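Heads up, there are several structures right after this.
Presented sequentially are two complexes of chain A, the first with chain B as partner and the second with chain C.
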Partner chain A sequence: MRSPIRIVFEQRSETPKHLSVLVPLLSVVAALVVGALFLLATGYSPLETYSNMLSDGFTSSRGITDTLGLSTVLICTGISAAFAFQMNLYNIGGEGQLYLGMIGGAWAGLALGNQLPTFVMIPVVLLVGALAGASWILLPAFVRSRLGTSEIVTTLLLTYIAASLVKHFVYSPGSFFVTKNSAFPQGRLVPDSASLSGIGDTSLYPTFFLVILIALVLFWVVKKTEYGYRIQVISDSPRAAHYAGINANRTTMSVMLISGALSGLGGAVLIIGPFGRLDPGIILLGYGYAGIVIAALARNNFSAIIVSGILFAGLRSGGDKLQISTDTPIHIGVMLQGAILLFALGGEAFRRYHIHAVRTERATQ
Partner chain B sequence: MNGNIWVLASADSVAIATTLILAALGALFTERAGVLNLGIEGILLTSAISSFLAADSSGSIWLGLIVGSLVGALLAGIHAVLSVVLRANQIVAGLALVIFGTGLANFLGKPAEGKTVTTIIKPLSFGPLSDIPLVGPIVFRQDPITYASVVIAIVSSLYLFRSRPGLELRATGDDPATVDAQGLSVASIRIRYTLFGGLLVGLGGSWLMLAQSAAWHQAATTNGVGWIALALVVFAGWRPMRLIFGAILFGFTLQLPFTLQAEQITFIPSALMQMLPYLATLIALIALSRPSTRNKLGAPKSLGIPFVRDER
Partner chain C sequence: MTNASHEVAKGPHHASGAAPSALSAHSIVKRFPGVLANDSVDFDVLPGEVHTLLGENGAGKSTLAAMLCGLYQPDTGYITRNGERIALSSPRAGLQHGIAMVHQHFRLVERFTVAENVILGSRDLSYKLNRSELEDKVAAVAESYGLPIEPGATVGDLSVGQRQRVEIVKALYQGAEILLLDEPTAVLVPAEVEKLFENVHAMTKAGKSIVFISHKLGEVVEISDRVTVLRNGRVTGHVSGRGTADTKELARLMVGRDIELTTQRASHATGHEILQIRDLSLTVGGVNVLSDISFNVHAGEMVGIAGVAGNGQRELADTIAGLMSPTSGSISISGSMTTDRGPIHARELGLAYVPEDRLGMGLVPSMSILDNLLLTRDRRVVVDRTTVRPEATRLIEQFEIKANGPDHMARKLSGGNAQKVLLARELSGGRTATKLLVVCSPTRGLDVGAIETVRALLDDARSAGQAILLISEDLDEVMSLSDRIFVLYRGSVVHETPGESAQLATVGAAMAGLKPEGKS
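Showing the complex of A and B:
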């Protein structure tokens, strides 16, 4: 009698510490291997491509400041995604909220920039951007908390609508956001009072430190405050939360609005530097979608997001340069992001379960 | 106003509905088995470019359709392994598939940039039938895959509601424990239908490429059709027949911006006009997807929940 092999998933009571580090790390390695296979198949040298990518992003001093500069917006969208994901609210429209933040920030800069000094304008631009981002999730948050309508597809559809809005504001004749009498439609630069210059003439802006600070504050809010505790209880057991008298609807609403505001902040950060204007090019960059990967890889831990955000920025800024320096398409970077996330998700099973094969004796009939 | 263009617009709505029907049917089969695959947009895009490359290098449209469909099943296979075998979070797995698929499609699409498919899938002609005013262009001047998609939807409906395996499929999405108790493998049923769903989505993506788009425009090739298809499944109450009508309705909103532009109706700026399909989908979703309405519509009760046999 043949004894078939059965794969058994045994729930771990405690996750070994080393797996929490090993799984994300191996995910990155596995994704790089898959990427290498595709590169080989299409006639590129994986070693050359990767070393270009990584050395640009992480070794040269210009590369490092580029990486940290880019990580500013990615950490924003990362904490935005994580803040909602931790309560099982899947705001996947961070991309659209980011566009709105950019529109809001550019509007504030253009409308008020000439009247107010820099130290007032910077907070105003960031605040208006965050509010604009929050406004873009208001409808999904409202119908989710009141009617229970899933937020997944609604937030995503609003991203496409936001993209049309950006195009409208840049390409419609006589728009407030564009330069008058310019040969081709282009966003108008905000006044100097509404933008900062990079530290030491690099592409690293002071907003980087603000965003790090916000991530750390959120880390503290989630771990130490009553609000964070409420989020924890609701995500663990909505029923228990209900009996404990926690108003889940209100928490849902506030968590989603904060998540939207954080993506909006990411858009406003780009107005302060390096973009300085509403730029339709943002639609092709996918910073909002990257936030989902960054959050998932950091398993919604806000301090880990700083690390994964910088790591991804390194991959991205190297990838962006690849486009210019070699023939390799930039898209290998996005593909690697997706592959890393896929492997991390698969690896999650090994973290949660003790998986082993057993031989089972099948009863004879 | 020129009446003719509106007839053509209606004909276009039926044509564009092809991708929506196939992609939404793929999602429907997957969800009926209890698996939520949000990766439709990524699968559509990757199968679209695969079909382009296959058709371009072989000169055969049919080979393009086959390769595109198989690539769709392959990507859905990743989702099946993650969500059924490894019990990963299905929502994040689907999103990962969208990101991976988008990157992969753009990576593979580099040689296709600026090229067009040399021969596209052409509409059939039914002689005098095709010349009947109104009905002719709408019903009798479509291409074979468009007719096939409607036939597939009808057959799917019969399969789901009138056959034994269809019953088992629906039961797997509603109450997997009972299916398991019957001695059937929940995992194998879920994997099979996730793969089959991917195959249909892949066919939809290939058709979009080889009949509609004919050129590679990166992510704009699909432009969110995959997400609209997911909403369409809810709109249709997880029923294939209703899906046909929903697809034509959403197809209408998808082509309307272009028709209005062609008619030079410009009281709404064109960039804002392009919001229309997403706005319509959003409104339909909000109106229909309250949990109580969803249940009444017929949402699979174990959708998105991994099955773990209770072995106490």
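Showing the complex of A and C:
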């Protein structure tokens, strides 16, 4: 009443199509602006930093293959997060499931790699990794579907256990995963049959195309199949699902397991290339957490995740290289990631509401 | 009402032309996306008067009321209080001007006591609450208007009528001079309605103004000093005089044409038993929700279940539909047991179920009409939408659903059209041809035109030999359509009567739990 201008949130009956594209784009731009403020405040030139990032991430040929290579795992964790999110199941433990996928993939490679040929080993490594990832969400999925326990807490906490598990397998003496009699504890490389080399000596591996294919298949599954229909009914109206005789518990269980398997697949992909071994360095990289942001930016649309995953990979790999070429702190990439998530979530308000300012005098005319 | 009341009605209106109205709306315009909810509406209420806003759902009466109490702000136009222009930026501002609204859906904290609910939101409370003193104050306010209330009772334990009284006491406690009652009788049984009207008289006698919002003609005529009729956001007429207004005239103003609601019953002999319920009991969390219910519904027959909301109707429907498992007893459809076999099994035997909560249960709001038609049908592994599309288009035409085709989202349908989609799906048969139709409150919230259509559809289904179980809180509806009527009270059938010879007073008393003659 006192202020002459009032901000009015008017619920939209329909979201205009252009906003679905515009809001994510502007979220990225807004995050870059915020990042620029930090760069300025700490004495770096934002323009120079961003143009370096751009060329290191997207425009040079080495940059492009590095970006696509990194996007492979990020698209995995992105579709993993989105698959659960679309049913309002917040699996934020993709990070831990990714570690398990790496452990499982490395185990399969080390245990079976010498006996089986490559064309068998690659699917085996991926499959064991996916199963290991799914196993890590089995307990959260069970208690969520039976008792309604928040999966947010359980999946998150299991991530810390998964991180300890990785360290245990690498640092405990005589571990199956490490090189025997080595002075420095390090994961053992899987045999050649269980890994691939980058295409044309780049860091882009054939698994990239497999992951793209999986994303597209999921897109189709959700839009066209009975399973996708069921997911949509449950996520929008659990009571309607009950009414129609749809078993929500079973679907909750399967959706969470698939989500875990996709993150696990991301871990196994890293064994096939470029890591080739169980590496505790994965714990610092946060690929699983990045998947949450990628899914949010793409609004859980599986084909859009391919785009947002590649975008993120570019920001990350460009940011990582900055530190080598200049002395810009490596964390600018991670910081941008956080800022993009905030703006993408905040931008939802613009999609849902028509926000405008009105003069209050007018209201009483 | 007596003739004398007509005189009383004239009193405040004509006695002093100088007395400003307690509250007036002047040329109010309110627009929502795609809808002109109020189009230059004028309205005023005098001190000590009951002024009714009459109109169908969507006519704009709730929107106007929301602006009168500060919930919404008008786009153009203004509001005056005792002749002075006021700006109502929030319900709190409305309260400061002595305007309070009693919403149709109560806004009470169930775990709080009556007194705690009444003082909730007061700003002049001390840090430490003196409960007994507050309870005395609340009781004093209630008593002065003849509203019996127990300030120490927990609201969760109260009946719907008592809760409504708490809301009214709350408004009075907050100093309301003008009370807006939004569809206050929708949730009450006949006896409670009478009690409410007594309270309304006590309040008007004390000089309070009442804005009464309703679409039920009979009660409007009984309670109102004046009536303002709204249709499509416009005022279509003012009628004054308590007890003298012509319901036919009001109905015409409200709908825009003459209305005949069918009251048909099965003229032909009914067929074999389709639904058989034997000694059905259901206990939820230690409470007997249904006890020992047994009845049959035959082909070509409509059985009505009357009762006040919350007496086990929803659970009865859900149990028949296979959504809940009974604690004991059995249900069979067309001779096959369906107890404990789930909803899909029941549907395969010919069940169709129109639940009370359309958008919350019967339809998936974010899905298209097409996808909603698939909800209770057999979907293959890959959902085949192309073959269902022509059928969806045909049903939209046949049921006269106002939509932009099969891809129209359910959430964006009006209440009446959503109900038609639900009926279209359930009546057209899914897994098998429909034999048994269970419908809950099929016309609740619909405008008179849509009610006509829906009742005609039910009648057609009955004529086509379907067995229909009609569960409704609308007593008029149950009485005018059913071949047989059962009254459900606290989970038991307390009264049974043929539809033709049913007496409103007897059925109403049974609904209120007063034991009538006959079945106990």
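Here is the rule we use: the second predicted complex is superposed on the first by the 352 of 365 C-alpha atoms of A that agree within 3 Å, B and C clash if a C-alpha of one lies under 4 Å from a C-alpha of the other, contacts with A are read in each partner's own complex, and residues count from 1 in each chain.
As a working rule, a contact is a pair of C-beta atoms (placed from the backbone, for glycine too) under 8 Å apart; a residue touches a chain by one contact, two chains touch by 3 or more.
Quick caveat, the model's predicted, so the values are computed rather than measured.
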Which superposed partner A:307 touches (first chain B, second chain C, both, neither): neither
Partner chain in contact with A:54 - chain B first, chain C second, else both or neither: neither
Contacts of A:138 with chain B and chain C, given as first, second, both or neither: neither
Touching partner for A:116 - first (chain B), second (chain C), both, neither: neither
Chain B versus chain C as contact partner of A:214, first or second or both or neither: neither
Between chain B and chain C, more extensive residue contact with chain A: B
Set of chain A residues, in rising order, touched by both chain B and chain C: none
In the complex with chain A, residue positions of chain B that touch it: 38, 42, 78, 81-82, 86-89, 91-93, 95-104, 106-108, 110, 223-224, 227-228, 230-231, 269, 271-272, 274-275, 278-279, 281-282, 285-286, 289-291, 308
Chain A-facing residues of chain C, complex: 33-34, 73-76, 78, 85, 87, 89, 93, 321-323, 342-344, 347, 353, 355, 357, 360-367, 371, 374-376, 379-383, 412
Residue ranges of chain A in contact with chain B within the complex: 9, 38, 42, 85, 90, 92, 139, 143, 147-150, 152-154, 156-158, 160-161, 164-165, 167-168, 171-172, 289, 292-293, 296, 329, 331-339, 341-342, 345-346, 348-349, 353
Of all residues in chain A, those that touch chain C in their complex: 1, 10, 12-14, 224-229, 232-233, 236-237, 239-240, 242-245, 354, 360, 363-365
